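Some structures are shown below for you to check.
Paired with chain B in one complex and with chain C in the other, chain A is shared by the two complexes that follow.
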Partner chain A sequence: MNERGFRWTAAALKLHAIARVTVRQQLAYKTDFLLRSVFLLFILYVFVQLWTAAYDGDSSRTIAGFTLKQIVWYLAFTEALTMAGPPLGPRIEEEVKSGDIAVKLTKPLSYVGYHYSSYMAEALFRFAVHLAVGSTIAWSTVGAPAFGLGWMGLLTLSLGAVTVAFLLSAVVALLAFWVEETRGMEFVMQKLQFTIGGMLLPIDLMPEWLQRVCAWLPFQAALYFPAGTAVHFQTAVWLKQLGTQAGWIAGLSAAVIWVYRRGVKKLHVNGG
Partner chain B sequence: MSTGAECASGSLREDERRTGLGHSAGAALRFLLTCWKVNLASAMEYRLSFVLLAGMMFLNNFIWLFFWHLFFERFPAVQGWELRDVMMLWGISAGGFGWASVLFGNFHRIASIVSSGQLDVYLAQPKPVLLNVLASRMSVTAAGDFVFGVVIYFLAGDLSLRGAMLFVLGLLIAGLLFMAVMVAAGSAAFFVGNSEGLSQQLFNIFLALTTYPSGIFRGFAKLMLFTIVPAGFISYMPIGLLRDFDPAFAAGAIGMTLLFGAAGIGLFRAGLRRYASGNALAMRS
Partner chain C sequence: MFALRTNGLTKTFRVKRKQPGLAGSFRSLLKPAWEEKEAVRGIDLSVAHGETVAFLGPNGAGKSTTIKMLTGILHPTSGDAEVLGIVPWKDRNRLAFRIGAVFGQKSQLWYHLPPMDTFDLISRVYEMRRSDYLARRDDLIDRFELGPYLHTPVRKLSLGERMRCEIAASMLHRPQLLFLDEPTIGLDPVVKARIRDLIRERNRSEGTTVFLTSHDAGDVESLCSRAVVIHHGGVLLDEPVEKVKREVLSRKTVKLTLSESNGAARLPPIAGTRIVRAEGRRYQLSVDLKRTAIDEVLGQLIGRFGLEDVTVEDPDLEEIIKHIYGMKKETGEAG
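And now, the complex of A and B:
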């Protein structure tokens, strides 16, 4: 094996080890997990009430291509994805404020790669649990799903969706190298995902002008693509969404690397 | 029948009691004013950060209203609720939460303060413990919530004198109810140990419930909303207090606030008697 191949293999092994440790950490905090699941159950219950009221309880009515059943399952998927993402912003902010970042930067592994691996492991693990919890409430309130290939669409697009969510959070979180306080910006980014990302309302139900705006933004790739495809699977749309996700992942990765390289040059760690 | 001496003695004790109460109320008010002044000065030390955080929270709330705008564009009325009502719901909820968190920023952190042993700091000071705990922190982001509430009132509220008075009453009840519920829930840490996570989730659930129209809930959920988790007394305000004033609802909201307030103070006092210091070194935060 040449030197370059060896380096890549070593990097992959390190990232795999980080992912394994992260999952084990998650298993250690079962109460925390349970409490988050309670909140997911609660918020889905509220959504079921809201949308049942909006549809006047009529399960046969279709609005913008969505029945009540599809809407509830759609929301179960978007909520499972949203609540899967760990708080990246506060973690990086804390590392910068406390000076812990000095220790992380001296380790023989990529700082962004470390956070990506840890984020993905935690998010995918949480997503699996939340999907089970969300499915329970959706199943019990509007009935069993019959999405066929939609499940395949959900799972394949969810991988890219979690990556896009990580990259969006990372761009904001890395601004901590300059401003230290990034919570406010993270809040706004999160709410943009909730609204124009399609978490609370499928993009198909939005006014046409807004649908056109959303098509040019990365937020839909993090939530709407997997959840929308799950309830309305069409092969051509699925392939197009995979391509769009790949494009956003490439563009946002470049942005993250650029922000990181500029930020890390500015960083001064005092004491420690 | 009482003798003159008894009357004089009784009247003197009554006077002393009144003077004492007046004195302690005055002292508490002076203490609160000093706390708020110091908290504000501390927040102003990082002016840019203050403005940014408060501004982001303001924007954050507006994005939520944007969602509701989209929702009501598709469904113009849901169970009698219209966009304007939901705007006022957010105005009352964010505004009430805002003033309570600015002036008494620790009200939802009691469980964490008790569990981590930070209460020792407050016990060592010659001030009313609960008041001291509550007022020792100012939430900077909540200033954005309060301003948001006021702006929403000017955008969607009834600007007559009566409307303004009802809105102020709504803000007052909402803020006090937020505090009362969270002091009661946070005091559970005295009895069940580390209930920080539980208290935080209850806070999230209570806060979320105050931002959805109460009209969407039915049956048992509605019953819970007006009893054990009294968020309904905040989320029904746009209809029961502001749009079609219902004296029974207003009396219920005030009564429930007083009931939860008394329960919160009672639980905190009872818990304080059980509290054992962990000898952790802590500073007032």
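And now, the complex of A and C:
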């Protein structure tokens, strides 16, 4: 193996080790999982009631191409993804404020890579648990899913979706190198994901002008793509969405690296 | 050959100056006022391989900022530094393989997992060969006596047990240079002594260069051969610890409580000893080691009084630094 290959292998092994230890640490948070599952149950119950009212309880009716069953399953998927995301912003902000970042920066390890690996492991682990809980609720209220290749669409696009969600959070979180408080910006970012990201309702149900705006923003790649494709699988759309996600991942990664490199030079490590 | 060398190392922070009152807060929003704070001012320093250096100073003197520049975390405002032949802030990743760092108030151990998990992770992060890691880990477990709590979640360990794990973790990859920032802070005297033994032993057996900051004069005395004192961001004193001990660390503090059987008896004057504080049966004495030995003082006390409690302590480092600062000023004025 040449030097370059060796470096990439070593980096992959490090990220794998971080992911592994993150999942192990997650297993210590049993109460947290239980509480989140109860909350998911509550949220989905409210949504099922709302959408059943909107459809007049008619399971054959479609709104913007979605049946009641598809809407409920769509919401189960977006909720499972949304609730899977770890609180990256507060973590990075706390590391910068307390000076704990010093411990990570003295290791032969990419700081952003560390957080990415940890975020992915935690998010995918939580997603699996939430998906199981959400599926149970959706199944029991609107019936069994029959999405065929949609499942493959969900899983493949979810990987990119979690990555896009990480990068969006990371751009904001890394601003902690300059400003003392990033929670406000994180709040706005989160709410944008909830609304124009398609968490509360599929983008297809929004006014046409808003759909055109959403098409140019990264938020749909973090929620709408996997959930929408899961319930409405079309190969051409799936491939296009994978391409769009890849584009956003490339663009946002460049932004994260740029912000990090500038920020780390401005770093004022607190705490002694 | 130097383990580290600095030349005019300076770090200035731009700090927002808060104006008083609510109106001042609004004014700061519209027109923020900034001031330059010089945390480190032109430090020139060189440390040889295998040396054990205490880097001392009062709070805010610039110790931690200097360590953070030497580990590549902070970029200096001006000046140069080389650590193991590497400019830290330019090649932090490459340097990280060769140095270790322990920040006494910050942990590298995963809080909810046993130390063993962090050790495994560190072996991957430092790209250690599996067989090498296992042998090294077992050796450190043995030397640091970590066996009994290796599989206990870190949150359930005492501070002393956790610090032993922290230091073992920082030595896993055989660093050539170990930065220790307050490694014994908050520990009881027995654990402090154990940690010092372990660090000293690593320095002797592996030639690890030790660069230590501490507020504990005991750390300096028992671990380091050289003391560098900084104050207001600049080097105030750079001398062998033996000389500092002779000239500055020449006092010990004895705290004692006389037993009730002594009635109203008062402590008589003891040569070389000054009573700093007396409250009822409790006394604090300052013993000048150049004039009398601790065992002589204790011998006299035990021979004449019943004692309920007695402790011998090093003087507070802040006091020592003030003393050095005073001495330097006097020398400067005299010169």
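Everything below uses one rule, namely that the second predicted complex is superposed on the first by the 269 of 272 C-alpha atoms of A that agree within 3 Å, B and C clash if a C-alpha of one lies under 4 Å from a C-alpha of the other, contacts with A are read in each partner's own complex, and residues count from 1 in each chain.
Heads up, the rule we're going with is that contacts are C-beta pairs under 8 Å (C-beta built on N, C-alpha and C of every residue); 3 or more make two chains touch, one makes a residue touch a chain.
Remember, predicted model here, so these are calculated numbers, not experimental data.
Aligning the two structures on chain A places chain B and chain C side by side, free of any clash. In the overlay built on the shared chain, the residue A:L267 is in contact with chain C alone; chain B does not reach it.
Within the superposed three-chain model, A:P207 lies in touch with chain B and out of touch with chain C [touch as defined at top].
When the shared chain is aligned, chain B comes close enough to touch A:G184, but chain C does not. In the overlay built on the shared chain, the residue A:A144 is in contact with neither chain B nor chain C. Using the contact criterion defined above for the overlaid structures, shared-chain residue A:T106 touches chain C, although it does not reach chain B. In the superposition on chain A, A:A53 makes contact with chain B only, not with chain C. Superposing both complexes on chain A places the Cα centres of chain B and chain C at an angle of 80° as seen from the Cα centre of chain A, in steps of 10.
Between chain B and chain C in the chain A overlay, the least Cα distance found is 5 Å.
Overlap of the chain B and chain C contact sets on chain A: empty, with no shared residue.
Those residues of chain A lying in contact with chain C across their complex are 10, 13-14, 16-18, 21, 24-25, 28-29, 98-103, 105-109, 265, 267-269, 271-272. Chain contact summary for the complex, chain B toward chain A: residues 49, 52-53, 55-57, 59-60, 63-64, 66-67, 70-71, 73-75, 78-79, 141, 197-198, 200-201, 204-205, 208-209, 212, 215-218, 221. Contact residues on chain C toward chain A in their complex (touch as defined above): 13, 64, 68, 71-75, 92-94, 96-97, 99, 101, 103, 105-108, 110-113, 117-118, 120-121, 124-127, 153, 179, 181-182. Residue ranges of chain A in contact with chain B, taken from their complex: 31-32, 35, 38-39, 42-43, 45-46, 49-50, 52-54, 63-64, 181, 183-185, 187-188, 191-192, 194-195, 200-201, 205-207, 210.
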